[in-house]
Structure formats: structure tokens, C-alpha cells
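Order of writing sets the chain letters: A, B, C and D. Residues in each chain are counted from 1.
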Amino acid sequence: MRRILVSALLLAALVGLGIYCYDAGRAYDLLVDNHDMTLGEKTYSGERDVNVILSKYEPIEMTAQDTMVSTVAGKKHTITVEILDENYEVAETVTGKFTLKDPKKRFLNIPAFLGKDPGWIMENPRN
Amino acid sequence: MEGVGKSYYGNRVLKNVNFTLGKGEILGLVGENGAGKSTLMNILFGMTVIRDTGGYEGKVYIDGKEANFSTPFDALDEGIGMVHQEFSLIPGFTVAENVVLNREPMKYNPLVEAFGERLSTIDRPEISRRGKEAVEKLNVVMDPETLISELPVGHKQFTEIAREIDKKKTRLLVLDEPTAVLTESEADILLKAMKRLADMGISIIFISHRLHEIIEACDKIVVLRDGEIVEETTPEKTDVMDIASHMVGRSVADAFQRDEAPRDEGETILSVRHLWVDMPGELVRDVSLEIRKGEIFGIGGLAGQGKLGIANGVMGMFPAGGKVFFEGEPVPLNHPRESLGTGMAAVFEDRRGVGLLLEEPISWNIIFTALQMQDKFLKPLMGGLFRIRDEKAIAEEARSYIKSLEIRCVDENQPVQELSGGNQQKICLAKAFATHPKLLFVAEPTRGIDVGAKRVVLETLKEYNRRRGTTVVMISSELEELRSVCDRIAIINEGKVAGIRPASAPSTEFGILMLGKVDTKVEVESR
Amino acid sequence: MKNIKDFLEKAGWPRIIIALFLLTLFVVAPFVEVRVDASISDTLVRFGMNGVMVLAMVPMIQSGCGLNFGLPLGIIAGLLGAVTSIEIGIPGVLGILIAMAVAVPIAVVLGWAYGLLLNRVKGGEMMIATYVGFSSVAFMCIMWLVLPYKSSNMVWGYAGKGLRTTISVEGFWHKAISDIGSFHIGDFFYCPTGMFLFLGLMCLGMWFFLKTKTGTAMTTVGSNPEYARSSGVNIDNMRTISVILSTVLGAIGIIIYEQSFGFVQLYMGPFYMAFPAVSAILIGGASVHKATIMNVIIGTILFQGILTMTPSVINSMIQTDMSEVIRIIVSNGMILYALTRVMRVKKS
Amino acid sequence: MTKQSKFSKNNLSHLLAANAVPIVFILISVIGIPLSKFSPGYLVQEMLVRLSRDSFLVLSLLIPIMAGMGLNFGMVLGAMAGQIGLIFISDWNIVGIHGMVLAMLISTPLAIFLGWMCGAILNRAKGREMVTGFILGFFMNGIYQLVVLYGFGKVIPIQNAKLVLSRGFGVRNVTNLEGIRKCLDNLIPFEISGVSVPLATFLVIAVFCVFVVWFRRTKLGQDMRAVGQDMDVARSAGIPVERTRLISIMISTVLACYGQIIFLQNIGTMNTYNSHEQAGMFAIASLLVGGASVSRASILNVFVGVVLFHLMFVVSPMAGKHLIGEAQLGEYFRVFVSYGIIAIALVLHAWRRFKERERSRSALRGEAA
């Protein structure tokens, strides 16, 4: 009898591992955008060059008014934005965390993020 | 055991067997082949073959309780161990591993929780300890770590016994002819080991053909003949001669009647000098025989002593050596085609294995050897360019034998596998007769067939011998049958000719020859 | 009712299922605009093409060597014959005869060596036959490059050396045998009577051979080797003869196949050619140690029928080309059934 | 592993015969390497990669051999289960090590079922397990194509358009596994003198070797060895023979499934419809090259085999090119040698078993008068 209990436990653990892998491994294609963005009444300007580093991925160098695609695995990520001055020195770095909940919201607007606007992750406004 | 009886398909094999066996006692069970020894042991051991063929009468008591085993595993649980003649050992395993086979000591490990007992690791030191301990009980010098495949034959036997002893609950051990394969010295060690086991409270049933061993080792002796216990004595009260006579001494009345005086025929048709034959289980070491033309020559002896090997050797079925002359001409051995070509034919003991084409029709079975060896039943095609089977002639030949040998069948095209044992034996005979041989070997012609068929087979052999002058060499373990049909009978023991006697000689004389007393006056004029 | 049960028992369930499956295909065909007469003629042509190769299975099964997965060995001999005949360049039936004349001796030599090998490995023949077949085909791939053939329409254009993978027999002996006495009914039905006659001849030859002394002995060796040995038959010789016969028939079979197919396939062409022949004879009702001429004929018709019908009928029914998958499943399923069924027969 | 018996003189010749195959292959490599003009660094790198890629698959063959089932040609079933798992994760677009682990988890129940079915069928064809396994592999290939070519997309929904064939259902011939490419190999990056060593994969293989050695020590392992040597004796000792053989095939199929996933993550792409057949064939050829036989195989055979076989595999086309200037020749030579090696090994095994029976019989021979 004990053996059935133990094997049921083991099975549950494996299923759990499966779900965790599914969740952590799921890849999402994110649009990282550095354009001017108006949200509600505030507008955020995207005229500075930035380096965007998502979790452990390669830094994405972006000029003003630029959009890049980045594939990330998993829902929870850290974001570090390095704002560059004219001679491309790191003037300021801003970090934060985010989790991708809504499958449709894949559009990350950096200026909105720098402006601490909660709606910085949104659906792709263009389509 | 009380009032135990058993019959297979109508013929009675065991009748009212009663005997008791005390704790730590050695009982010697003796009897001719076919006397019912193995059936008795099968009943004791609960083999499924007994249940499949209608169970048994009478009762078996273990420690006073009635025991009724449906499978061998019940018997094993009850503490009964059995050591068969052919070894059941794993060649690639060591002695110790074999001793604890399927009862390996196991150490717990976490995986057992999830996947069950069989994943627990084996405790190797414990295995070799138990192996050594079991071997020591037998007081035998044997390293438990050697591989079985490298052990001499004797030691394999000890390993098997050690395995039975290692089972904690073993109370009764059945040894079925353990000494058959052992040398003298090894047999002595075994007997001493048996005595030591008995002293430890294990009772033993010891089955053997070597009567001097029975006398030396057993506390009680039971003699079985034709399924009945005819004698129950103790070693002090009897001797080899007395047991032999009980084993063999059937009252002359119900033996087959001998209807005419023995006749002495002409010159030698087949001369065999120093023949050895490598046939598994029937080893022939050094046999020399002279068989006269027109005679019915009998070859008897116990199972495994080599009598069946002779026919197989002469006919080239098994690797053989030595000199064989047929009608004066030397016959090269190891080539069946040569032996058949000289006019010899053979009906072998292994009917289903060698003697028959089970899926082919009766007609094909009968004519094949004749067609193959003497190109009979072939008709030319396209002006003799090819020769194909003459179906009409084949059917006629088959029908003639079906009539003359009274083979009960639908027609000559019926596949042989649908026929009874008796009819199949007749077909083997027909196959040999079809080649009109000058000399016919017949091995165990009446084994496993009903009494009616036995009579027809023996009559036909006698008739062919008289009418066609075919010399017949009959090999059988049924001594009475030989004495009723043959002129002279040779007894083979341990691959050699123990002695040759006219059929009229008293059966006790044959009994002694069978039991290993090599006769000095061997009637063979070596030329 | 009893004799229906006997018939079912004797015919064996899978054969009936396949026969019914084929029947339904023929019945359904007209509803899905598949010309029945065209497909029947197609089946007959393929029956003629493959018949001899399936017949090549009989000798080895009869003598107890099991299913001849080493058929590619015979096919290679046939290919060598065909290629040499094209090199010589004589067209028509004579060309085919030359191809066979070259192929048969090669097949005898290959068969003899192959037979000796099989005699040494009694019991494990089928697996070894398979890989001997595979490795010989792979070996020939090397030889096709190296062998000195010059004929223009066989050799690679640019290198001028080494044979092309598929060689057309158009100008030489395309349908040379099939056309003898062939006739058309309407514009679709084409009956290659020449090929049937040839197949009939080969089957008759095999039937007679099985009646001769050697043939009988070979059957006996397959059914009970010890019985045969005790009757003075040299078992190894019989097995070798059966292997040689099977290889020769394989060689002739491939030449017949090519003359109707129109192309000689070299290199990896013959790699999997043993399996259709094996499954065909098994569908015909043969077991691993007993096969008759009827098994060959019924099996080839059933198997080739399925091969021709499935692409046309099924495709038009569900618009997908399932034929390849069905062929694999039916052909290997049949062999699998025969291999596992053998166990039961032995036990009973 | 049965203990090696002592070498007497005729045993030595027996030993040479037993290891004839690896010796031949060493010769081929010794001749081939200089001809192929490959740099040693390249060869070592190539061998490491292939060793990490194939060893798992070859190791999965050990257990059925131990249980007397011969070379498990049915391992192709395990490879199919693994590939179906990979199709799912690439459809759901799961990447990295999580993707691989998820693929393994999904394909395990399927591999267990296929293993059980293969074991049951092999139990019905005792004495001819290998050829039945071989044909079963072909048969299941048909079923696999039925499922993957027609099932996916119709019966089983597929979202990822990149996977689906143009006609709307069925998986494309080449599935790109970019997401999990080398995820195990580079899990622990490790370099010595310019040669990158896939440490994590070797760790997994090491764990598997420990499992095999440990498994031989378990009761189940011991039962399998007993069944492998003599089924009737094992049965009379009370060992459930059929069940034991079934379990050995199930374990082997599941391990082959993992092996295939590890193999494909190293390559990065999967040709959906024939990579499983190749995998089966190469794994068996490598094991035989290592000197293993149908009834006896050790872990050493596996590694020696993989190195020697792949050495020949890499070297022969180039050697052919330089020798006769025809790369195609080297290509065919490679195919010929892989099939030839299996044929030779099978013949040697069957012939030796034939001789063994002969030799044991002659031991019984009475002394000639």
C-alpha cells in the first residue's frame, strides 16, 4: 500500500516538474520599443540611445526611435536599461522586474518604463 | 503415502503404493524403468502433468497433515526439494549465485519504495557466505566463486544439492539417480554427504540403479515393479541378488509366450568391433557384437547405459568410431547414406523427433527413404530427362502397408500428426520395410503405445524375420519383451557389453548383468 | 457452417482481412472516378513483374532456411546481367536472354557462397540474411562506380566513368517479353500475356522440381531435418541447392521486373526489395517453413492489388497520398504476424 | 558481467576471434587517418562531440543483451517516442534545458507503452527476437508516419505554423530544434586547450553508466542475467521469465527515447521521418564494433565502439577522396562498412554458438577404443 502512495507522490512530482519546465521554458518574442509613446495624457520621449538587458540575455543596443525583437524564455524577468550620453558612456542605469501575464501584451516601451508608467507593457499598438 | 494409484489414458501405472518415511531417514527407491518411480515422484512433487492427466488416487501425508500440491511451488513451500538427473543450473553464474537463485539476500534501497522489491540491491558477501555454508554442509571441497561452466560434472551435482539444502524449510530431499554421472570417488562423497544431511534431520528419498550404493547408504529400501511395491526391507535383511530378483523377477506366466524353440542361424551378417558412439545421454564406450543372419538379436540394459547409442552409431546418425562389417564389407561410419546403402535400415526410438514427418501425409512418410535411397516410385518425364514422383505407385504402396499393418487412418493422405502413437509406430516400421532391408534395427518399438498395437508390431517383426529372412536387431528396455521375441539378448552397461545370453536364460541372470556385474564369459569370438 | 469455419481456419484471418480490404477497394473505385479496368490491368502487370521474385522465396522456405531476406544478393546478379547485356547492346528478347545468361552463373556462384554461410549459422539465418543482403548492396554501390562499363547511355555524362543510378532499357528490351501475344481491350486494358507465360513456365518448373527426388528431399529437410538425415539425405547440400535456386530465381525475377518497369535501378535500388517479396508470399498463406506455388500466386495478386489500388482509390477519397504508409503497414505487419504466429504452431 | 575465465592456449585464439572486429577497425582507422589529412585537434573535437551524442543510445542496448534478447532492433520505437516529444515542445516553443526535460517527460509514457508492446511481441517470438524486433521497427515506422504525417494537424492540434506542411497538416520533414540546440552540451561550458567539452552530457552519461553497473547488482538485474542464460532453469527457479524480459525491453525503449533526445539536441535539427532509423542502425553498429557480441556486452565495448565506429565514419569519405579522388566512393564505403560490420558480428556470434555446442558435445565424447 505504501508503495502506491510513494509512486503516486513521485508521479505528482514529475507532473509538477513538467509544468514548471513548461512555464519556465516557454519562449516569448518581445518587441522592445524606444519610440515616443503617449499613454493617457503623459507622453514619454524616446530620443536617447539605450542598452536594454533582459535577465541573462545579450544587451540590446538601441538608438532613439528604434524597435528590436528579443526572444526570452519564461515569464519572470529583470530589466536593466543603461541610458547613454553623446559619447556612448553609461549616464544612468535603471533596473526593474516584470512578469508577462497577458499572452497578447508583448510590447515593451522603454520610455514609458523609464517614466515609471505602470502600463509600459502593452499590446502592440501598431496592429 | 497411503493407497496411492495413478493411470495414464487407461493403462495403470501405479497400484496401491504405501510406504512411510521417518525424519532424518534415507529411503532407497529401486525399480526397473517404467516401474512407476518417476510418476510416484511427480505425485509427491505436485507436478502439473499429474493434474493434467486426471490427478491420482490415495493420500499423501506430510507430518501427519494431508498434503495436496497443485504446483511444484506448493511442494517447495512445504519443504520438499528435488534434484533431477539433468542439471538445472545457470552456466554463467557462480556456484554461490546458483545456490541462492531467486532467493538472493537483498539490501534495502530507497528505490524499492517506488518501484518494488526487485530493485533492491543484492548482498554479494552474504551470497558467497550462504554458498560456502551450503557447500560445507556437504563437506565437499569446492570454491563457491567458480563459474558452473568450469566445474567438473560431479561438482555440478553437489551445487544442485547445495541449492536444495540452502532452502531454509527443506525437510525432504528427493535425489533422482544422482550418482549416474559421478565417478566412484564422487559417489562416495555424495553418500557421506547424504548421511550427514540425514543426521541433520533432513529425510531423503534416494533413487539409484547402483544397488551396492542403495545397500550402503539407505536405512530402508522399497522395490517397485509394474507400479506396485513388491518388497520393503532394510539393508541388513537383504543383498544385491535379492533386490535384483525382486526388481526383475516377473512370474513367467504373464510374460509373452515363446511359441517355438530358439534356432541357430547361419554365418555373421553384422560384425561390430570396439564401437564408440558420442550420443548425448546414451554414451557407447567400447561395444563388440556379432549378429548372425536371419536371427532376432535383442539388446537390453537400463536407460542411459548406451544401448540406444549402438544403432544410432552404426547408422551414422551420431559421431562414432571403431570397425563395422556388414556381410564382410567394411561400412564407413558417420554417413547415414553409406549404412542405408548396404541394406541396413533403422526405426529410431525418438519417433516424433526423427522417425516422422508430422505435417506430411502418411504416404510420403512411408515411401521417402525408399525413394531417396533406391530411386523407387519415380517415373520418367519428357523422355527420362527428369524423374518425378509417381503419385499412383506411392498411393498403392502406402495402401498396401496400411492394410498389412492395420494402420487405423482416414486414408493414405492424412497427415501423420493426427494419428495415435501405435499407428505412428507402424508407419515408422512401414518406412523401414519399404526399403526391403537385409538387417533392421528397431529401437523401443513398443514404447508409449497401447497393448493391442504392441502385439501387432511384435508379430509383424517376427513375421518379416521368418518370411523375408530379415535379420532384426531389437533394442528395448522391456526385458520381458526381448525374451519373448529374440533368440539372443546382449545386455549393455556403462557403454560396454555386460554379457550375451540366450533368451531362455533365467531373468535374474539378466538382472545381474544389468546392474553392473560385468560377466567374464562374454561369448564374442573376436576374429 | 463447419466447412466455412474450416476454410477460415485454413485461409487464416489476416489473409481474409486483406482480401476483403482489396475487394472493397475495387468496389469503391468506380464511385471515386477510378477506372476499374485500368487498375485491374495495372495489378496484372505488377503481378507479372513481381511473380518470379516471390517464387524465389519458395525453395528456401521449403528447405527450412526461413524467409530469404538476402534476396538482394540474387537481384545484384540480375542487375549485373542486365547491365552487361545493355553494354553489348543487343535489343529485344535476345538481349534479355543474354542478360539472363550472364546473370544465372553469377547467381549460382553467389548463391553457393551464401548457402555455405547459412549452413554455418543454422537457427539465426534470417537476421544474417538481412545484413548480408544489405552489405552486398552497399558493396555493389562501390563496384558500380569502379566497373569498366563504357556504353554511352549508362555512364555518367561528365565523368565518363561509373554507372548512372537508373538506366533506361527503352531502346533495348523494354516490354520485350511482355509484348509477346499481348493484347489491348479498349484503350486502357493492357494484358502482358508474354510475362504471364514466362511466370507460368517458371511456376510449372518449380512445381515439377518439387516433385523430383531432390525437390522431395528438400521439402523433407525443411519439415524435419533429422528425419531427412536418417534417410540418407545430405542436409547441407539440400540447403545450399535451395539457396542457389532462390538466388537464381531472384536474378531472373529482377530482369523480368526491369523489362516491364522500363528502368534498371542500381546503387541503393535493390536495398529494400526483399521485403515486398517476403510479405507477398506470407499474405499468400505460406508459413516460415512451408510454402506452395498457390501461396505465391494468391499472395502476389493480393499484395500487388493493394499496392496499385491504395494510391488511386484512397487518394481520390481523402485527397492525401496514404499509399506509402499503407504499404509499409500491410507489408511489415504481415511479416510480423508470420514471425509471431510460428511460435504458436510449434507449441500446439 | 560474467567473470573472464582463465586463458588457456586455445582460449587465446578464441579471445582473438572474439575481439576480431575491434582489431579490424583499429587497422582501418590507422590507415585511414593519415590518408584523410585531418588535424588531430579536429579529430579529437569531433570524437568528443560524437561520443557525447551517441553513447547514451548505445548504452541503452546493454540491458536487453543482458536479458538474452540479443540486439534490440526495436529501440527504434524508443527513438520515435523521443521525436514525438520533441515535436510537441517545438510546437509549444519551449526552449533551453527546460524544453529538453519537458520533451523527455512527455515522451516517457509513450516510450513505456511502446516498450511494453515490443516486449510482449518479442515474448511471442522466442528464439527469433532480433528479426522480429527489426520488422517491428519497420512496422512501427509505418504507424509513426501515419500519426506524424496525417495525425498531427488534423487529430492533434498544431499551433506553430513553422512546423506544419504546406497542405495544412502533417509535420514538415525537417523540424528545427534551434530552441534546445546544444542546451545540455553547453549547460556547463568547459574548454581545454581550444577543445570544447560538453561536460553536462558526459555527466549524464556517467550517471547512466553508474545506473547500469548498479542495476546489474539488483535482484531484477540478477534475474535478467539468469533469464538471459537459460530461460527454463530460471523459470523452474520461480523467476517470472516473461515479465523480466518485458521489463528489460521497456527499460531499454525508455532509455533509447532519452538517448535520441540527447542525440537530437546535439545536432539541432531533426529529419522527422528517418533520423530514428539511422540512430538505431548506427547505435547497433557502434556496439558491435566495440567487440560486444549478441550475448555479451560491457560498458567498455560501448565507448570503444563509439570512438572506433565514428572515427571510421568521419575518416573514410576523406580517405576515399584522397585515395581515388572520389568522395562518393568513401561515402558508399562508409555505408558498406557499417552494414558489413553488423553482418560479420552476427555471423561470428552464430558461428561461435554453433562451435560452442560442438565443443561442449565433444567434451562428452567417450575415450575412443
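Quick note on the criterion: a contact is a pair of C-beta atoms (placed from the backbone, for glycine too) under 8 Å apart; a residue touches a chain by one contact, two chains touch by 3 or more.
Since this is a predicted model, take the numbers as computed values, not measurements.
J.: Check B-C against A-B and say which one is joined by more contacting C-beta pairs.
T.: Pair with the higher count of C-beta contacts: B-C.
J.: Using C-alpha centroids, which chain lies at the maximum separation from subunit C?
T.: A
J.: Using mean Cα positions, find the chain sitting nearest the overall protein centre.
T.: Most central by this criterion: D.
J.: What is the distance in Å between the mean C-alpha positions of subunit B and subunit C?
T.: 48
J.: Just the number, please: Cα centre separation of subunit A and subunit C in whole Å.
T.: Chain centres of subunit A and subunit C, defined by C-alpha means, are spaced 64 Å apart.
J.: Please report how many Å separate the Cα centroid of subunit A from that of subunit B, as a whole number.
T.: That gives a centre separation of 85 Å.
J.: Measure off the straight-line distance from the CA centroid of subunit C to the CA centroid of subunit D, and report it in whole Å.
T.: The separation of the two C-alpha centroids amounts to 32 Å.
J.: Counting only residues that touch at least two other chains, what does the list for subunit D look like?
T.: In subunit D, no residue touches two or more other chains.
J.: Can you work out from the touch definition every pair of chains that touches here?
T.: A-B, A-D, B-C, B-D, C-D
J.: Give the list of subunit A residues in touch with subunit D in this complex.
T.: 14, 17-18, 20-22, 24-27, 71, 73-74
J.: Under the stated contact criterion, what part of subunit B meets subunit C in this complex?
T.: These residues of subunit B touch subunit C: 315, 317, 336-337, 340-341, 346, 348, 350, 353-360, 364, 368-369, 371-373, 375, 378, 381, 386-389.
J.: Which residues, counting only subunit C, touch subunit B once they are in their complex?
T.: 208, 211-213, 216-217, 219-220, 223-224, 226-227, 229-234, 290
J.: So in the complex, the part of subunit D that touches subunit A is made up of which residues?
T.: For this pair, the touching residues of subunit D are 89, 92-99, 101-102, 105-106, 179.
J.: Inside the complex, what are the residues of subunit B that reach subunit D?
T.: 72-73, 76, 88-94, 97, 101-102, 104, 106, 117-122, 124, 147, 149-150, 274-278, 280, 283-286, 319, 321-322, 495
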